[in-house]
């Protein structure tokens, strides 16, 4: 340790004005470039699905990886936003951007209510409480008059962005989705690397110490819970427009489990992990769809293997190799 | 005829009794979860899948080996419990030094695997399992027609719940278990094999789930999804009762069965959510649950 | 108890009849404690005497069963832990309390952030925090951790973690510091360094500390309260209490004379 | 040389896997064989996928099939929500959708689409057949056990209408959570209502469990009848005759109707490990055959031309007999009212039904003007 | 040389021999190489200030300290890599500083909890005769006992097991003098019954009354050994060690 002293200091001096690490900028740039050319090669609807789930998983990761809170009921926010935006677009005839906004706002409000109750407990209790609340939301979605029961809300019009740009074409919609999701990811990146994010990390690391420094930790936890719910809602609302459908799948507890799986195999608490995780899982579901129940089994196996052997997730492992945070 | 809240009293008794029967399943399942949580500090998400395995193994014993219900009631918990022992040894035991959340995630994955395998092999339309001949028929209780088998479910569940409670609260083995939940290191330093005890406890908890599965086989269709939805409700029961409390699990299980039964009469649409609503209320007032100790 | 006559206006923190009852067990029983402004006050006593519990009560990590706590003349018995900190009482923990995955610099900055009140700004880049670097580095310098400013706190050796903890605590500029066994687990050379540090920072602060290392206690403290089985056994200067027969028996160890 | 790609989209692992699933693929393949596609220079490929009874999965697959994989026609699609989702994609992409598996009348009602044909059955036909027949048989007072979601509600509504129109009354109903496991409480309420018949406005596992528990609580033995409003032969098979006996139900097909159906079912069984085809399988066969005839006749894959041909010409096959396709996409054919045999009456496995009545097509299905299909105006 | 040592003369190696024992709590290094021996039938104390590492030494011997290194030979057998239960089965019993009375167990259950590891342990009746206070409280909840009674219970329950080698961590801590005297008598009686005892004590006046030898622990090392008979002569040195 003492022999490292000097090097520590020098790198310290160099890195003192903390900014965005250069390799993060590079990765975001490459990602954006990839997203721009990708639809030429890959099926844009598939890409949009990956993007929506990447945002959803990143939102969960904000809470789990950076807030240290495992929500097992995040489908509640994803799903309710998807219902609200579908309803707004179809029944109220709102333009897509307003419909998405409405869905996102609904998720935020729901996040505030559930969060206020759930953060009273920690650890597994928290997980179970969020799960149970999500189940209440599920029953609501099943029975509420406007959700269409198990049919869901179908034939949602994609509409015209700002009343102008027709989104019926997959390509046009694709770039709108890229803009939304990329914006969402940047927002998460900013939250993580903000003064608030620093406090969050501190609370996750050592909650009693944060309290002893005078932080009202519950407010921070609630804030990050609401942010995470809101972003999950943004993902759900966008997904509803892409697939023109809001359905019970979006609010069911397996969806909550799936998004945890994405985060886990990508790498909890890494910035790019959830993207990778979402890509892997969505691709798997897409290309192995013919295997029927084997998809579930495969997911289960991935869950078990990652818990037992790869707790750091794919990106976590890579980050360890290259010795840089990702 | 006088009525109670708009329902004839006989009908109400009938409904209370039915609630108690459902409560029997909640109690057995939440008891298993509470036992496992108490000693391993693991939320056993695969509990529902193991309940389903119980029903399936009973069906398989019957179909492939001609083993009847009564033997199944004895053998199935042992067989499924043994699978639990293997799971604990191979997987769960590697997680004790980690955050408890990993236990939840691992057992969640296991639940997916188990359910998927059974779905692949048996489909989901459900398999028939006949009520044992000794228990067919019903008793006319005046206010209702009680199938003998349902009566037996209540009796069996009360006996097993009480037996488990007795074994844990009143025997030497139970004393070791309780001591190990308080201070496993010291219990180990007395020469007791705590890891083996933990393994067997997991096996026992899983066995309880399987037992409930065998009890359920003749009345609900034997189906790979039978545990998946039930387990979420049982989680809520456990949260309401107070995690890890044996008595809490039993009392809350039966109690909520009755509450749910009454909801089915007065507001059937709400019967699926009533438990979650109660859970939210309980959490507001007593975050540690009705019987839980505040950490 | 002659020192009490010095006038109560000098008392920064006082506890009256402080009692904490756990299910069927009284951990702290009617403790009266008066800490004079600007002093280093030590709380000693056998294991399980209730020292840590007292700390928890004073900082409201535990709610007293009965009794009153006053700080600067104000009754703080009903306040929440975070509010206590905001009033200027900051504690350290018996088990080391740093944020292990943050760097040393970030650890200290977390404390500064709280004081400056921008910790809810989730829309601003982290870069704004570099405004604190100068002050943070000077705190780090004070405890001799400058070479480690960018190392993850979790990787520091034990003694340095304690030093970091003190630096973080000091960054809050507390009026009063509560240190729970600051020397526990420290190597001998660290003990000397941290002792010197405590003496240095005590210049314009009040310090209440729990410590088992009697030579440190003897060296640093102006006044000592001895707890035993939840009650105050004796109080006075080191010279006074170390001669108190009950203290010798209960704590320092009998067998001599 | 025309190349056709048929997508069989259904439940391959869930509740409806037995009544649709692989059997529908087999039925489609049999249709291709019987049509003699190879001899006629039409190259037919069949693909299949599992929609897990989820509308989102179904719409995803449909979209991808049309966009990427060059599928021309989607067949089967049980589960109303999934069928409606595919219907929308189909409308958007201007392709053909031959539904056999789903129940919702919306497919030929408010949601009807130019390229969609609803082939085999729907809730109206089932409710109508069973409801009317039961009332006519003297079961006048009804109590409904309804799954508490859109499908259950509409099934109850349809049946209520038929029952009251035929002179019966509805004395009550109770809505149970969906999916449910324990129905005893609701059954007890039904019992104490004193109704003659309990209408099961639910589906799949819920129906199976309700029937099982009704028998356990002695409800059928005590004289109340059960009417299954959506029940398939595979459900009866799972329940066993002991439990299911006496149940009255409506279907579009039964393997033991005539020599043709027996012969076809024999071939089907040979490929499916002995299980008999359901009406959904029959519908898939019949609809694919009609489609291929249209392809041959029009000589191309143009959706409009194909649809026009299919609606103009009657369908004709040994399995479902003759039928016509109505302007709203409803395939019109006779329906049958069956009663489940007692164990004593049955001669062996799959010998489950006795025919009570044949319901003529015009009576079985909802009149064109009542559906509110925008295509019709 | 004491009688006890004379008795074990034929055995060449000491009963327990600790060499280079190191131990950690997480990353903090607490034991830095502890060396000492205990002969059969002896009572040996570990003296030292608070935090010197006495408790940790006992934990390391017992195997309940997760991270440890060095050598602990007992009765000719190396224990350092064994789990606590195997060490207990080898015949070492441990009475922890915090007593470890289980609150969810009754006094009786607490007493009967440790399993028998070898023949020749005291019977339940012997134990209750030795601690008459416990006899009246058998059905109360363990932690409802007074501090002194809890300490008696903690000692009592390891006497039943048949282990003849006892590790007692501050058995007199926080106890009233009368009880301390009683425990002193109990320990003497145990010694006369052939038990070997390692005693951690703050109170060396008490220790002097029963021990054969004293080891002084400081900063995670044994820095000195003082035979009991030379205690008076070395009292000044000892005071310096203990900082009094």
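Order of writing sets the labels: A, B, C, D and E. Residues in every chain begin at 1.
We take it that contacts are C-beta pairs under 8 Å (C-beta built on N, C-alpha and C of every residue); 3 or more make two chains touch, one makes a residue touch a chain.
Computed from a predicted structure; not experimentally measured.
Contact with both chain A and chain E is made by B, C. Common neighbours of chain B and chain C under the contact definition above: A, E. The most distant chain from chain E, with centres taken as the mean of CA atoms, is D.
Between A-D and C-E, more contacting C-beta pairs join the chains of A-D. Once the centre of each chain is set as its mean CA position, chain D and chain E turn out to be 80 Å apart. Between the Cα centres of chain B and chain D there is a gap of 37 Å.
Separation between the centroids of chain B and chain E, computed from CA atoms only, is 45 Å. Separating the centre of chain C from that of chain D, both taken as means of CA atoms, is a distance of 76 Å.
Shared contact sites, meaning residues of chain C that touch two or more other chains, fall at 157. Counting partner chains per residue, chain E has no residue touching two or more of them. Shown for chain D are the residues that touch two or more other chains, namely 13, 148, 177. Pairs of chains in mutual contact: A-B, A-C, A-D, B-D, B-E, C-E. Chain E meets chain C in the complex at residues 25, 27-30, 49-51, 97-98, 143-144, 147, 173-174, 202-208, 219, 235, 239, 242-244.
Residues of chain A that touch chain B in their complex: 70, 72, 117, 120-121, 123-125, 127-129, 131-133, 135-136, 139-140, 143, 253, 257, 260, 264, 292-297, 299-304, 307-308, 311. Against chain A, the residues of chain B that register as touching in their complex are 43, 91, 94-95, 98-106, 108-117, 119-120, 232, 235-236, 238-239, 243, 269, 272-273, 276-277, 279-280, 283-284, 287. Chain A contributes residues 43, 45-46, 49, 139, 142-143, 148-152, 154-155, 170, 243-245, 247-250, 286, 289-290, 292-293 to its touches with chain D in the complex. Within the complex, the chain B residues that touch chain E are 172, 175-176, 178-179, 181-183, 185-194.
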